[in-house]
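Take a look at the structures below.
Look at the two complexes coming up: chain A is in both, with chain B in one and chain C in the other.
This part shows the complex of A and B:
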C-alpha cells in the first residue's frame, strides 16, 4: 500500500513538473511571424466569400510567385472572418493585413490598432474617389489620417426575375420610354406592381419582399428623406452625439416603408426572409428581393436548382439562371411625400453602403512588406480578378470602367453621393439593434389592422416620435455608460 | 517564537535554515530554495506586479508611435497571480515553522532527526491527501479562482466602453454598482428583468422537474408496453445539441415557419409568436421550449430514483386505504424530492442563468422601457448585451456579481431549509 502511495505521489509530482514545463510559451512559434531568417511571412485575413470562391488562394499564389525572390511570402491567417484584432493583435496573434468593412476597420483605427498609411505609397491612390477614401479617414488631435486602402463598394441591390417581367411592361410599365421598366427605377411603380401581383395571384405571389428589420437593406426609407446615422462636427468628422435617424422628413419615408410592407407578406417582419429569399425568388413566389451583391451566387444557384428540377442539364440550368436573374441598384426615385400609391414629385434614393478595404495591423513586424502586399492586392490585375470571381464593385475607377454594367453603376452612385456610407466609428455598433427593432415594428404595423390590433403609426407625428425614441436609445447606448 | 532555541529561530528569519542547522540538510536547502526563488521572483517581477495591481498602469500605449505602454488587464491578472504566489509562500513559511518546531521537539526528546528520504516517505504516507490534492488545487487556483477573482475585480474598474487597451483602466470603487441602482434607465431595466428572471426560474424549474417526474412515473407503469421504445424519444430530444433545437424552434415559430404556414393554410391569421409585441406569448414559448430540452434529463433522474423505491411501502399504504394520489403525495414525492433537492437547486440556478433560450429565440431586440434589452431577456442575456455586444465589461461584471449573490442566497436558503439537509438520515 505504502509503495502504491509513493508511486502515485511521484506520478502526480512528475505530471505537475511536465505540465508546468508545457506551460512555457514560445512566442516566436506562436506569432508565426517568420518561417526562417530570410523569409518574411505575412498573415492575411480575408473574408469567407473570398476563401470559398478561391480568390484568396489565387491572390496568395500570385503574390508568392511575384515575391519569391524578395523573401516575402503571404499565407492565409486562418482566423475567423471577424476575429478581433484589438484582442489578439497586442499579444502577437492577429493578422498582418486584414480585409474588412470600413466600420470594422475604423473601429480599430480609433484605438490605433491599425496603422495610419501614406496614400502615396499605393499605386491605386489616384484612381480611387475621395468618397471612398473618406470612409477610411480618421481625425486624431486635429489631424486627418488615412487608415486603410479602399477596395470595393457595397450597397443593397435588387435581385429580380427577368423572365417574370409583366408581358405588357413595355407598354404599361415604361412611361418614360427608356426601355427600362419603371418599377426598376421608381419605388412607387415597384409598389404598384407588387400590389398588382398580390391581387392577381390572390395572395399567392408577391412583388418585392425583403427583410424590413434589416437597417442596411431598408435605410433608403430614412436616408432619402434627410435622415442620417451620425452628423458631422465643424471639422467634417463624424459626430456620434448627433444621431440623425429622425432628421428631415424621415418620418414620411418610414410611413412609405410601412405602406410597402403591407404588400409584402409577414415574413418581412422577422428573419425568415433572410433564409427564404433565394428560394422564393427562384420558385417565382417573389418577383424580386433585396440583398448585397456578394449573394448573387446564392440567388443564381437556387434558380439553377429549379431549372435542374425541371429537367435541364447543369450547363443549361446555369445558362438559363444567368439569363433570367437580374441584379440592379435599388430604384432611384422615391415619392417626395412618402406615399407610394401616387405618382407625384420624387426625391433621389440614397442607400446605406459600405466600403471594404485593406488595413495593416499596427502590431505587424513587417510594415513595408505589408505595404508591398496591399499594393499587389490592389493592383489593376488583382482587383479585376476579384471583381470577376466575387462580383464586387471595385473602387478603382479604371477597373470599374472596364467591368462596366452594375459595377460601373455602383461606382457612379458612390461618386454621385447616392450611397451614404456607414460611419467609420465604433459607435456605429450601437445603431443596428435599436433601429432593427423599430423597422420590424413599422413593418408589423402594416398588418395590425387586418388582425384587429391597434395600429401604432397612424401619422407622421407618431412615426416621428418612434424615430426620436430610437435615436435616443442609440444615444443612450453610446453615452449613458461611457467613461 | 519566544520559547524556541536559536536554531529554531533561524527558520523564522530564513525559511529552512533551522532545519539545515538541525542536520536536515536537503529539506533545509529545499525550503531555502523556495525562499530564494520567491525573492528572485519578487525582485524581477513580483514587486512590479503587486504595484501594477494597484496602479493598473501609468504609461498609455500608442501603436502608431511604437510606444508599448502598460496593459491594465494583464497587469491586473499578474497582480492577482503575485498575491496568489504570496499566499502560497506564506503557506510554505507556516509549514516551515511547524516543521522546525517538530524537529526541535524530536531533538529535545533525544530522538533521531529523520533524514530527507525518511521525511518524504513519512509525508507521502501520513499526508497522502496533500500529495493527491496538490495538483487539483493548483489547477483550481489557476483555472477557477484566478478568473473568478479577475471577474469580481473588473466590477470595480471602468473597463469597457471607450476604455479598452491600449487605454489605461482605473479602479472606480463601487461606481458600477451605483450606476446600476441609480441611473433611471438601467435601474428600471434591472428591476423589470430581475422580476421576470425570478418568475422564469421558478416556472422553468417546476415545469421541468414535474414534467420529468410525471413522464418517469408514466413510463414506470406496468401497463405501458414497450417502455424502452418510448423512453428513447425524450433521449433523442436530449441528444440533439441545445442550440440546434433552439434554432429549429425559432424557425418553427417564425412567420415563414411551418406553424404559421399551417395556420394560414387553415384560413387563420399568421401569429407573431416571437416578434416585438409577443410579450407573454414569447415567454410561454420559451418555457415550453426549455421544457422540451430539459425534461429528458429530469425524467432520467426520476427513473433512476423510482427504481430504488420500496414497493412494500405502496402495498402497506394500499392496505391502509391510501389512494393513488395519497401514495404519490405521501410516498413518491417526498422520496424523490428528498433525493433530488441538490439537483433541484442546481436546476434552479441553471434556469436562472439560462442564456441560450432567449438569445436564440429572440435575440437582438431592444424594447422601449428597457436599456439594451427586451422583455424576454434574463439577467444573463442583459449581461451579454452589456458586456459582449456593447463592451461595457465593468457594468457586466457588476451585474454578474449581483446574479451570483441572488442565486447563492436563494440556493443556500433553499438547501438549508430542505429535508435533504435537515433530515439527512431519514432515508438511509
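This part shows the complex of A and C:
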C-alpha cells in the first residue's frame, strides 16, 4: 500500500514537472522578447493582407538581413490583426510595433498605450505631407505630440469592370470628351447609368451597389455638402463636443444617398454587400462597388476565379482579371442640390479617409530598436515594395510620384483636401453606430417607397431632423453615457 | 387490421423521414458548402453551390500561411485529450468519494458544489484571465487543460447518482473478503462503471473540443489557437474553408461516439437485466 502511494506520489510530481516544463517552452515562444542574451527580438503586428500577400515575410527577412550584425531581429507577432494592445500590452503579450489605422492608434495614444515619437528620428519625416502627420498628432495640455509614423492613405475607391463598360460610352457617356466615362467622374452620371442597367436587365443586374450603412464608404454624401465629424477648437485641435454630421447642406446629400439606394440591390442596406461585393462584381451582377484599395486583391482574385471557371489557365485568368478590373477614386462631382437625376450645378466630392501607420507600444523594452525597425519599414525601398505588392497609396511623396496612377491621385486628393481624415480621438468610436443606423434607415426608405410603405424622409426638414438626432446621440454617447 | 397497421407504419415512416430531413438538411448544406469550388457563399444557385471540388479540403491542410488548420487541430486535440484524461479521473474520484464515504462537511460540500455549478463558467473569466497572467500561463495550452480539469469535478452529480445505484452489499462482500478501499475501487467499482466512465470521458472530451470563449481569451498567438477560435477568425470570403473546417472538426467526435457507444449500450443493458 505504501509502495503504491509512493509510486502515485512520484507519478504526480513528475507529471507536474513535465507540465511546468511545457508551460515554460510554450510561453517563451509566445512572448518572444529575447531569443538569447545578445539578440533583441521585436514582435511586429501587421495587417492580414500584408501577411497574406507575402509582404510581411519580405519586410522581416530584409530587416533581419540588414540588422543581423546589430543584434536586432524582427518576428511576426502572429496575433489577430485587431488584437487589443490595451488588453495585452500591460501584461507583456502585446506587439512591440503595430501597424493600424489612425483612429485605432490614436485611441491607444490617448490612453498612453503607444509612445510619443520624435519626427526627426525618421528619415521619411520631410517627405510626408502635414495632413498625414496631423492624423497622428495628439494635443495634451496645449502641447502637440506625434504618436505614429504615417505609411499610407486609405479612402473609398470605386472598383468596376472595364469589360462591362457600355459599348456606346464614348459617344453617349463622355459629354466632356476627355476620354473618361462621365460615370467615373460624376455621381449623377453614375446614378443614371445604374438606372439604365437595372431597367435594361429587368432588375437582374445593377450599376453601383455599395454598403449604404457603412459611414466610411458613404460619408461623401455628408461631407461634400458641408457635414463633418468633429469640429476644431481655437488651437486647431479636434473638438469632439462639436458633432457636425448635420451641418451645412448635409440633408441634401443624404437625400441624394436615399435616391441612389433606390437603384441598388436591397443588399446595400445591411452587411451582405460587404461580404459579396467581390463575387458580384466578378460575376457581372454589379457593374461596380465601393471598397478600400487594400481589397483590390480580393476583387482581382474573385474575377480570376470566374475566368478560371470559364477554362482559362491561372496565368491567363490573372492577366485578364488585371486588364478588366478598374480601381479609381469615387466620382469627383456631386449635384449641388443633391438631386442625382439632373445634370445641374455640382460640388466637389469629399470622402472620409484614414491614414495607416506604425506605432510603437509603450510596453516595449526596446524603444530604440523599434525606431530602427520603423525607420527601415518606412524607407523608400520598403514602402515602394509595399505599394507594389499591396496596392496601397503611400504617404511618402517620393514613392507616390514614382508609382504614379491611382497612388499619386490619392496622394493628390489628400493634399488637396478632398479626403476628410477620420478624427484621431477616442471619441470617434462613438460615431459609427448612430450614423450607421441612420444611413441604413435612409437607404431602407428608398425600398419602403418601392414597396408602398410609409416613407420617413420625404424632404430636407425630416432629413435634417434625423441628422440632428444622430449627432445628439453621438454627443450623448461621448459625454453623457460614457461618464 | 393489417391495413391499419400498414397505414400506421407508413405515417410513422413519413413523419420520421420528415423530421430526419429537417435535422439533416443543415448538415447536408454545410457538407455541400464545404465542397464549393468558388469558396464563397454568394455564388450559389439557390441553396447549393454552382460547382464542386475538393480544393477547399486541400487548401485547408496545405495553405497554412494565414490559417494553420493542422496546427489548430493539433492544439485542440492536445487540450481535449489531456482535459479528458484529467477531468475523467477527477470527476470519477469526486463522485465515488461523495457516493461511498460519509465524512464531516460532506453535505455542505455537496450543497456548495451544487450551487456553484449553477453559475455559468464564463462568469469567472476575468478572474481566470488575471490568475493565468500571474501564473504566466497566457499563450499556453496547459492553461486550458488546467481550467477545464479543475472545473470538471463540479459536475460530479450524474456520476454520483450512478455509483449510488451500485448495491452496497457488493462492497460489504468485498470488504469481508479483505479488500482495501483502493482494491474495491479498482476491482469492484470500475468494472461495474464502464458506462459512466465512457459518458464522463466523452463529455470531458467534447467540451474542450468545441469551446470558444476560454481559448479565445487565453490564446493570443495564432499558432496556439484551437479550431473553434481559428474558424471564427477566417476572412470574410472564406466560407467554404469555414464549412470544411467545421465538418472536419466533427469527425473525431463522431468516431469517438460510434466506437464508444457499444460500451454505453452494453453498460445500460447489463444493468437492466437481472441475472
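Everything below uses one rule, namely that the second predicted complex is superposed on the first by the 449 of 483 C-alpha atoms of A that agree within 3 Å, B and C clash if a C-alpha of one lies under 4 Å from a C-alpha of the other, contacts with A are read in each partner's own complex, and residues count from 1 in each chain.
Everything that follows uses one rule, which is that a contact is a pair of C-beta atoms (placed from the backbone, for glycine too) under 8 Å apart; a residue touches a chain by one contact, two chains touch by 3 or more.
The structure displayed is predicted, hence computed values, not measured ones.
In the superposition on chain A, contact of A:104 is made with neither chain B nor chain C. Of the two partner chains placed around the shared chain by superposition, chain B and chain C are both touched by A:276. When the two structures are aligned on the shared chain, A:396 is found in touch with neither chain B nor chain C. A simple residue count on chain A separates chain B from chain C, and the partner touching more is B. Looking at the shared chain after the overlay, A:418 reaches neither chain B nor chain C.
Once chain A of one complex is fitted onto chain A of the other, the partner contacts of A:300 are absent, as it touches neither chain B nor chain C. In the superposition on chain A, A:51 makes contact with chain C only, while chain B stays out of contact range.
In the superposed model, A:43 makes contact with neither chain B nor chain C.
By the touch criterion defined above, A:79 lies against chain C but remains apart from chain B after alignment on the C-alpha atoms of chain A.
Judged by the document's definition of touching, chain A residues 275-276 lie at the interface with chain B and also at the interface with chain C.
By the touch criterion given at the top, residues 37-43, 51, 65-66, 133, 136-143, 180, 182, 220-224, 233, 235-237 of chain C touch chain A in their complex. The touching residues of chain A, when paired with chain C in their complex, are 1, 4, 19, 22-23, 26-27, 29-31, 48, 51-52, 78-80, 83, 88, 91, 93, 274-276, 278-280, 283, 298, 302, 305, 309.
Partner chain A is touched in their complex by these residues of chain B: 61-64, 71, 121, 124-125, 128, 131-132, 134-135, 138, 158, 160-167, 179, 183, 185-186, 250-251, 254-257, 260, 269-270, 272, 274-277, 364-368, 371-372, 374, 386, 389-390, 392, 395. The part of chain A that touches chain B in the complex is made up of residues 2, 5-6, 8-9, 12-13, 15-16, 86, 90, 111-113, 115-116, 265-267, 269-273, 275-276, 362-363, 426, 429-430, 432-434, 436-437, 440-441, 444, 450-451, 453, 469, 473, 476-477, 480-483.
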